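Submitted below is the structure of interest, expressed as C-alpha cells.
Note that the chains are named A, B, C and D in the order they appear, and that numbering of residues resets to 1 at the start of each chain.
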Amino acid sequence: MKKRPTVGEILQAKGVSRRGFLKYCATTASILALPPSMIPRIAEAIENARRPSVIWLSFQECTGCTESLTRSASPTVEGLIFDAISLDYHHTLQAAAGDQAEAARHAAMKENDGNYLVLVDGSIPLGNPGFSTIAGISNVDMLKETVAGAAAVVAIGSCAAFGGIPGADPNPTGAVSVTDLVKDKPVINVPGCPPIPMVMTAVLTQFLTFGQLPALDKFGRPLAFYGQTIHDRCYRRPFYEQGKFAKTFDDEGAKAGWCLYKLGCKGPTTYNACATTKWNSGTSFPIEAGHPCLGCSEPNFWDDGGFYEPLSTGHFDSGEKLAGAAAAGVALGAVAAAAGRRRQAKFMKEG
Amino acid sequence: MTTPQEVQRPTSPFHGNVRPILNEVLHALDKLLGTNESTTIDLASLPFGPGELEHLEALLGKGELSAELDALGTSSIRETAYPGVWWLEHRNAFDEVVGRYLEITRTPEILSSQDADIVAGRAHLEDQFE
Amino acid sequence: MTTVDGRHEIDREAERLAYKPPEIRHDKQGDMPDEERINQAMHHFVKNFNTQTASYLDGCLHCGMCADACHFHVRTDDPRYTPIWKIELFKRTYKRQVGPFAFFYRLFGLKRHVTIKDLEEWQHLLYDSCTVCGRCSLVCPMGIDIAGLVSMARHGMFKAGLIPHELHEVAKTSAETGSPLGISPDKFEERVEWMADEHDVEIPMDVEKADVLAVMSSIEINKYPQSIAATAKILNASGETWTFRKDGFEATNFGMLSGNPDWQKAASMQLINAAIKIGAKTLVLPECGHAYMALRWMGANMYGKPLPFKVMHISEYMADALNTGKIKVKKLNKSVTYHDPCQVSRRGGATQAARDVIKHLGVDFREMEYGGDYNWCCGGGGGVVTIKRADPLRHRVFKLKMDQVEKTEADEVLSSCANCRQSFDDSQAHFNWDYTMGSLMETVAENLEERTS
Amino acid sequence: MDLLEFAKGPALQVAAYILVAGSIWRIVGILLLKEKPDYSEPRQSGGLLAALKVIYTRSFTASPFKAATMYPKMLAYVMHLGLFAVVLLFVPHIMFFEGFLGFEWPGLPNSVIFFLGVAAVVAGIALLVRRLTNPVLRLISNFDDYFSWFATLFPLVTGLLIPVRIGFHYETLLAIHILSVALLMIWLPFGKLGHTFLVFITRGTTGMVFERRGAKT
C-alpha cells in the first residue's frame, strides 16, 4: 500500500509559505472552536496528518446535507481540507455509477481496511428493506457491510443522527438512526437540518489532524460545536434578560430585533454553533434573519411540540379532563364530608 | 434581483456584546504589561448582533501601523488606536474573511519571518549564485 | 453542713441551673377507666366540628405568631402556651376523624391517637393557661378564632372528667343550685332587700310584666352587692319598667366556662325563659364579661331560634341611656383609664359603649396603650380565676396588666366586669398594688343627676 | 420521551389534575360539613362583604403586634411577594399561562425577577432557620411544615438555577424545575400550602362570625 502524503507535504507542494501555513492553522483552530493557544499544536498535528479515505453513504435523505457541504466547498480554507481527504465514494457527487461506483467503494474498503471513515447522511428504513436501496442493496445491508472495516462513522445531519424527518411520527418506513444500528464502531453525530458546513468539515479536520475522535456529548455530538446552546451565544440574549420579546413576526419588537422566545424559539434547548459560526460564510443565522430557532439539531425536533409554541408552554389536554378532575374533587369532598358527618352522628349516639 | 420586502435593520448596534470584549482586552493589556503574556481573542467564537462587529472595529480605531500579508489570500494585520491591540483579518483567495482575531501582543507572531521560510529563502538566494 | 431539700429535683437541662418546677396537678372527675375518658374526649371534640371550626382547624399555618399575642406565653416564654398548641389535641382529632383527608390520616396513621397522658397535660393548657381572651385570634394571619376553639375543646375535656377540680366544683354547684356560689333565689332576694334598704333605692322583684329584665352575677351578689343597688338606680333613673326575677337572676355561665354544653344551655334557658315570661323587650346583663358572650352571642343558639328580646350589656345600656338623654351624669374631675373585658369588647363588639359612658362622665380619659380591642386580659377570664393551682401563673401574667395601667398614670382604673374585678382585687392583694379597680356601672350610679323633669 | 417532554406533558398534566381535584376535595370537604346557624341578633351586617373585608385586612398586621411579629412578617412578605412576582410576572411563566388561558399580561425584566426570587429564597431560608431555632415553632412544627417548605423552595431554587446553569443543561434544569413545580402542585392541596385557597375560607369565616358582632376582626 503506498503511503499517502501528509497534509504538510501537500501544502508545501502547493507552494504555501510557513506564514500561510500559520494562517491556515489559525483558521483551523477557529473552525475547530479551539482556543488560539492551541495553534502550535494544530500546526504540528496538521503537518504530519495523512489523507484518509472517506466513503459517503446516502440513505433516506434529501441531499440537503451534501448541498450544504458542497456549497461551502468553494475553495476556502476548509476546502483545502477536502483537498486533503480522498472522497472515494459518494454516489451523488461521483461521476461513476452503478457497478462501477460499487466497485470503487469495495476497492476503497479493501485498500484502507480498518482506516477509512464512513460518512452517512439519511436515516435507514427497517420497515421494509425495499423502501430504499442503492444498486439493489438495501440501506441497512450497505451500512453494515461498509461499516465493518471502518475506523469510525460520522452521521451527517439529523436523519442519520437521530432519524430526522423520515423517523418523525408516524415513521412510516421504520426509519432509524446510524447509532441505532452501529454499535461496535465509534459514531460521531453531526446533526442539523442541515448541519453547518463548517462543522462538518471541522469534524473531518479534527479526525484528520489529531487522528482521534472529538469529545462528544450524550447524543454523540462533538462538544466543540454542540457544547453550548444557541440561546447562550445568541446576540439577542440581552433582550431575553430584559424581558423584551417579539410577539408576532411583524410587530415593533420583531423590527427592533427583540428575543424570539415567544415566537417559539428553541434556542435555549438547542445545542449548535449557528449563533457564532453562522451560515453562508458567516453572513447570518435564522435568528438574525428574524426567525426562531427550530431546534433542528436536537433529537425528535420534528415531534417536539410546535415550532411556534414557546418552550415554556405546558402540554395540556383539553379542559374537559381538568373539569373531570374538578368533578372528582367535588365528589371526593362530598364523600369525605359525608363520612365526617356520619362519624359525628355515630359519636353523638354513643354519647 | 430585489428583495420582496424591505428588511429594517435594527437601528442600535448595542446588544451588549461589545463591552465584555473591551473589558477582556483591558485585562489582556494588564497581563501583557505585567507578565509579558500575549492573548489572542477569536472573534468568530463570540456572538455579535448586526452591526456590532463594525461597532467594535470603529471603537478600537486605527493605529500607527498596518501590514498586509499575501499568503493563501490576503490578510491585514493592523494595530488599533490602542498600542498593543492588533486587529487581524484573514481572507482566502476569494477575498472572503475566514478568520478575525484580536491579538494583544507587542508584535503579532505572523509578522515575524519564519525559520522555515528563511531556510527556503536562503536556499533560493543561493540558487541565484549559480 | 448544708442540707439539700430533697423535695425539689435540680433541673440540669434548664438554661440556668434551676429547680424542676413541681409537677402540675392533674385532676380527674369520676372513676371512668382511661379508655373511656379518651373516648369521651374524642366524641365531644368531634361534635364541634362544623364548617366553621373545620375552616379554622384546616387553616393553621404553624406560623407561631399567636404566641406573641398570648399573655401566658409572653410572660413565661413557655412554648406550650402557644395558643394553637393548646388546641393541638382538638386539631389532631379533627384531622383524624372528620377532616377532608381523615381517611388518609387514619389509613396511614398520620396523626397519632390522643392518649390519656396527652389529655392530662392539656388540662393545664386548656384551662389554667387560657382565659379565652381571644387576643391570639387577632394576630393570626389566617384569622383563626383560637379562643373559640379552646372553648369547644373544653367540651371533650369536661366529658372525659379531666378538668380542674375547682372549676368542676363551681360548675356543678351552678348546675345544681342555679348559682356557682350556691346563692339560692331566697338568698338573692334577701340581698336585694338589704341593698334596697342600705342604699335607699327601690328595687322591683318578681314583677309579672316588665320591659326590662335585669340579672346579676353571683360574684356581684356575693362580693360586690352594691352593684345590685347601682343597677337599680340606673334602671330607675332611665324610667324603665323593670324587674329582677328569682326564677332567672344568675348571669354567669359556668357550664360554658367549664365545657359542659348541657349545663351551659340550662343556665341560658333559665334567663331566656324568665325574660319571655315577663314579656321583656330587653335583658340587661350585669358587669360580667362571659355572661355577655353566653347570652348575647350564644343565647339564641342555645334557644335554637332568634331571641324575642334584646340582650344588652349594662355598659351598652348605659351608653344608650346617656346618649339618648334618658339619664344624665355629673362631670367628674379625675383621670380614668378603662380595662376592657375581653368578652364584651374584643369578642363581643361593645368596645365603644364604655367609652361613650366615660365621655359623659367628663373625665380625663386615658386609653391604655393598645387599649380597647387589643387590651391585655386581666388573666382571670375563662374560669381561670377559680383555679387555685393556676394562681402563680395568673399573677405572673397580671404584670402585663399592671404595666399597662401604670403607664397611663390615671387616677383610677374602671372596668365593667365583676370577674375582671375579682382578678384585679386578688392580684392587687398579691402585689400590694396601688390601683383598685372601680366599676363603671357603680361610678355612673353614684353620679346620676336627679331627673329634673 | 425525554425528561423535559415527560415534565411538560404527563407530569404537569397529572399534577394539574391532582391540584384541581385535591383543592376542590378539601374545600368541598370543609363546606359540606354541618353548618352552624347563628341566631343571635347581629349588631351590624355581616355576610359576604364582611368576609371580603377580613380577607383583605388580615393581610396586614394590627399595630399592637407589629413589633413582636415584625421579623417573621417581613420575611413572609418578601417570600410571598417574591413568589407572586416570580410565578406570575416572569415572562416565560406568563407565556406558560398564556398557553392555556389564552391571554397575557406584562411581566418584569429577568434581572428584577431574579432579584426577587433570590430574596424569596433568602427569606425562605431565614424562615426555616427560625422554625428550627424558635422554641414555639419547633414545638408546633411537623412534617407538613418542613415538607411544604421544601415543596415551595425547591421549584424556586431550581428555577433560579436555570440561568446560572452550574454544570447542567438548560433542558435538564428546566425539566427538573417543571417536575419540582409538579411536586408542589401535587402537594399543595393536602398540606398547609392549601392556605393558598383556605386563606379565603378561614379569614372569610372570621369575617362572617365576628363582623356581625361588631367585634374586632
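Everything below uses one rule, namely that a contact is a pair of C-beta atoms (placed from the backbone, for glycine too) under 8 Å apart; a residue touches a chain by one contact, two chains touch by 3 or more.
What you are looking at is a predicted structure, and each value in this text was computed from that prediction instead of being measured.
Once subunit C is ignored, the contact network of the remaining chains holds as one piece.
Closest to the middle of the protein, by Cα centroid, lies chain D.
Just to note, of A-B and C-D, the chains joined by more C-beta pairs in contact are C-D. Chain centres computed from CA atoms place B at the largest separation from subunit D. With centres set at the average Cα position, the gap from subunit B to subunit D is 55 Å. Each chain gets one centre point, the mean of its Cα atoms, and the points for subunit A and subunit B are 30 Å apart. Look at where the CA atoms of subunit C average out and do the same for subunit D: the two points lie 37 Å apart. Centroid to centroid, with C-alpha atoms defining each point, subunit B and subunit C lie 89 Å apart.
Across the assembly, subunit D contributes 25-26, 28-34 as residues in contact with two or more other chains.
Shared interface positions of subunit C, defined as residues touching 2 or more other chains, are 49, 98-101. Taken as a contact graph, the chains fit none of the simple arrangements: neither line, ring, star nor complete graph.
Touching chain pairs in this entry, ordered by label, are A-B, A-C, A-D, C-D.
By the touch criterion given at the top, residues 333, 336-337, 339-341, 343-344, 347-348, 350-351 of subunit A touch subunit C in their complex. Taken together, the subunit A residues at the contact with subunit B in this complex read 16-20, 22-24, 26-27, 29-30, 33, 35-37, 74-77, 233-239, 255-257, 275-277, 281-282, 288, 290. For subunit D in complex with subunit A, the residues that touch the partner chain are 2, 4-5, 8-9, 12-13, 16-18, 20-34, 91-93, 95-96, 99-100, 107-111, 169-171, 174, 178.
Within the complex formed with subunit D, the residues of subunit C that make contact are 49-52, 54-56, 58-65, 67-69, 73, 77, 79-80, 82, 84-85, 88, 98-101, 137-145, 148, 296-301, 303-307, 310-311, 345-351, 370, 373-374.
Within the complex, the subunit A residues that touch subunit D are 229, 231, 240-243, 245, 261-262, 268-269, 271, 299-300, 304-305, 309-317, 319, 321-322, 324-326, 328-330, 332-334, 336-338, 340-341, 344.
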